[in-house]
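Following: one structure in structure tokens, then a few remarks.
All chains are identified by letter, namely A, B and C, in their written order; residue positions are counted from 1 within each chain.
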Amino acid sequence: MDGMRGDPAALLLLADSRLPAGGHAHSGGVEEAVRLGTVTDVDDLARFLRGRLATAGLVTAALSAAACELAAGEPDLVGGPGSGGEAGERATAVAPGPHAPPARPYAADASWRTGVNGGPGAAAGVAAAEDVRRRLWRRLDDEADARTASPAQREAARTQGRLLLRTARRLWPSAALDTLARAIPEGPHHPIALGAAAASAGCEPQQAALAAAYTSVTGPATAAVRLLGLDPVTVHRLLADLAPALNDAAHAACASLMDTVLTEPVLTDTALIDGVPTDGAPMDTTLTGKTPADPALGDPALGDPALGGPAGIDTPPGDAGPPPGDAPGAARAEWRGGWAGLPGHSAPALDLLAEGHLANPMKLFVS
Amino acid sequence: MGAYHDDLHDAAEPDGRALRLGIGGPVGSGKTALVAALCRSLGPSLRLGVVTNDIYTTEDADFLRRAGVIDPERIQAVQTGCCPHTAIRDDIAANIDAVETLEERFGPLDLVIVESGGDNLTATFSRGLADRQIFVLDVSGGDKVPRKGGPGVTTADLLVINKTDLAPMVGADLTVMSRDAAAVREGRPVLFTSIREDRSAHMVAQWVTDMVDVWRHEHGVAHHHGLSAHGASTHGASTHGASARRVPEGVSLDDLSADGISIDGVIVDGISADGLSADGISVDGVAADGISAGGVSPERKEHEEHEEQPSRPVTAP
Amino acid sequence: MAGGGTRLETLRSDPPLTLRQTGPHRVHLVSTGAGPLRGDHLDLGVDVAPGTSLEVCSVAATLVLPGLAEAPSIMLVRARVGAGATLRFSPEPTVLAAGCSHHLVVRLSLAEDATVLWREEIVFGRHGERPGRCQARFDATVAGRPLLRQNLVVGEETVDGSPAVYGDARCVGSTLVAGPAWRPSPEDKRERRAVVGEGWAALPLAGPGVLVSALGADAVQLRRRLERGEDAAASHATG
């Protein structure tokens, strides 16, 4: 795991199929594919897993990395799990490895998170900071929603996320997990919970991404073994063959997080988090001549400034313009506008499988 | 499914929540019928929730909903991905989620019953999921099953041997089953029943009621005011007030279930091997009654019957 | 375009993509040259002013060709739909000829109560042909909130023929139907149910919209499935 600085043992625990978080009951679309006859043998399964990893796997990896990064900014995790409060003092302990996201300018100033500068209004500041953190989690969860068109898949993702969050809060208690649970009581998307759990366990974003990519194929593989009676060693060989692709997906996920953050404006007004002009939309960056943040397209050609030329449209007034500067109060927050550009690779067949599975009363797996 | 909690409580914290009762046993032994019977018996007096773990359908949940013994909203169905034992033992997350969803929506509850998917004799509930568990066998599986033991038979807080009415037809010797069960269960209680004939499974219901009373006593669950007395079908059962009186302070649930016989007025009986004799157990009478009572053919499905019938429990003298 | 009645205010274009007004509220995209070819950058901007309505169609399918350049061809569509405005964007399919390398990028920005129908169809090569490569990205936001963000990749070994992605389909399409009529009820704690047919599904989104997603053996079948899904999506509308 080149360049990973996080806790590798924690990563093993997190990715283990024996982690009691309900994963064993999800087939990731395999049960319906088996029922319909589109997955009948090992070769079909190999194509299924490769396609799943390149789509849903990549998306969950990127969202997990983003969630891990967000959680790592929570007061008690800055500087690593178990380091306790004093976020401002610990902030500099966040040191990037070669593939870890770069230290952000704002990582060194965690005062908005804790309201430690609040003075007489400290209590209100803490409450406000908590509120900001909740809104950030909801916003990231919204990004997961926007990448999950199928309601059956959203439901399955939230169920798994809720179960994982419950388990993680007992394994690796942290303020980040508590805030996430309060922010999204119906259960966050699974990759969001996974990223937050990873941070709480001491993992880095790339490890969170790797765990997400890994579980996006191991669950379906195990389901296929059970449903088709396949040789488990043969199926595990498929997973072994996918190992380079898993690493690539984790790299790509983190690269997308880095690229988008580096190219997107960092907004500093809490009102922008879920007020009207929230989206640091790639559209706007393009229109203002900045590099379009679309790493998911993975082609340098898109970085061509020619794309940013005028298109007969003025920048919409009120949309994410220049940062409005200091907002009043202790609850000033940075919004990581880069989330908008995270990969959203869709798999139409997985969507159809998920909906077909939900509609079928005869099933062994939840999804 | 979905728990829209204000906050997520630590699942390990038992104080203030309902007793969680696991009901396990092999396929077809009568788990769902027992759950329906318990709902029938206890529904009037206890605030209930039910979680089913169906293997391939939502048949069990649907059966309970159709039976009309409980508000359908209070039944949660959990899918187990081919591995029913995993869902109750190794990875209980989905079941915990279902239980907490019920408690959030309808709480406070007195009792949440978790019915496992039919599984083998080694399947038991994790103590992280079930506070108490019942294992259900039926006589048609053969009278050697209790002797074979397995964690379900040996460690369950209550072993229920169902379908006693079928014993003569399948050549099962209830005496043998009783003796073997007692031998492997070290005094933990065993109940013989025929839910087909006793639609309220009143002896089992009484055992469960006592467990709930002790649980409340130990964990401070608020009493449900305005409780009605148990329905007439649960003869011998008492109101909560009476039950609470019967269980003296300081007596733990473990003491009670270990003794089995010490709960006064309860028909639950720890059957000891040496206390048994062929005539000590009214095997013949019950079996004969079982057949003559309704002239019911053994093939007749349990859920086709709606009339309450008098119970014919088989107990040690 | 300005409020009151709809009036086409600006219509500028250059080959190979020309705009023609074909009705009071309608514009056709007309291909007046081959391609796009590798290396081409096409940029389409659509701005629907508050309270107006516009329909964008095309005369024929867009055939994306290889060309001589190394760089991919790029089609960038940026559309903004103002308050109370309506946009129907339903061009003919994009056909990926063998050897092409195409990027299709759509940025759709909707005001809070704007309504849109946006259809995209991608055909994997001409008849009997292996498709070239295509990467598509679609971003739709409503009042700045993310509604739908999707990438589609065609012509990559990882996804082609995968039963998880396109199966044995030869074309893929989607129609986003969005607007206040598809806003989820705040009391609705549970997800709205999808409508599913053979090879298509109308998927209610978490936000105010429904995505019709379809796979097909050919463009005709794909269109039929999308239209069924669009009908189903219309039935999801509340207002």
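Note that in this section a contact is a pair of C-beta atoms (placed from the backbone, for glycine too) under 8 Å apart; a residue touches a chain by one contact, two chains touch by 3 or more.
Not measured: the values here are computed from a predicted model.
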item: Most central chain, Cα average position; value: A
item: Of A-B and A-C, whichever chain pair has more C-beta contact pairs; value: A-C
item: Chain at maximum distance from subunit C, centres defined as averaged CA atoms; value: B
item: Separation of mean Cα positions, subunit C and subunit B [Å, integer]; value: 57
item: For subunit A paired with subunit B, centre-to-centre distance based on mean C-alpha positions, whole Å; value: 43
item: Whole-Å separation of chain centres (CA-atom averages), subunit A against subunit C; value: 26
item: Per-residue overlap in subunit A, given as positions that touch at least 2 other chains; value: 155, 186
item: Subunit C residues counted as touching two or more neighbouring chains; value: 189-190
item: Residue list for subunit B, restricted to those that touch at least two other chains; value: 2, 4
item: Subunit C contact footprint on subunit A (complex, rising order); value: 29, 33, 38-39, 44, 47-56, 142-143, 145-152, 154-155, 186, 245, 274, 276-279, 281-283, 286-287, 292, 294, 296-299, 301-302, 304, 306-307, 309, 311-313, 316, 319-320, 340, 342-353, 355-356, 358-359
item: Subunit B partner contacts - residues on subunit A that touch it in the complex; value: 18-27, 155, 158-159, 162-167, 169-170, 181-182, 185-187, 223, 226-227, 361-366
item: Interface residues, subunit B side, partner subunit A - complex; value: 1-8, 10-12, 55-58, 78-83, 86-87, 90-94, 96-97
item: Complex contacts: residues of subunit C adjacent to subunit A; value: 10, 12, 41, 43-45, 47, 71-72, 74, 76, 78, 80, 103, 105, 107, 109, 135, 137, 139, 141, 143-153, 156, 158-159, 161-167, 169, 172, 174, 189-194, 196, 199-201, 203-207, 211, 213-215
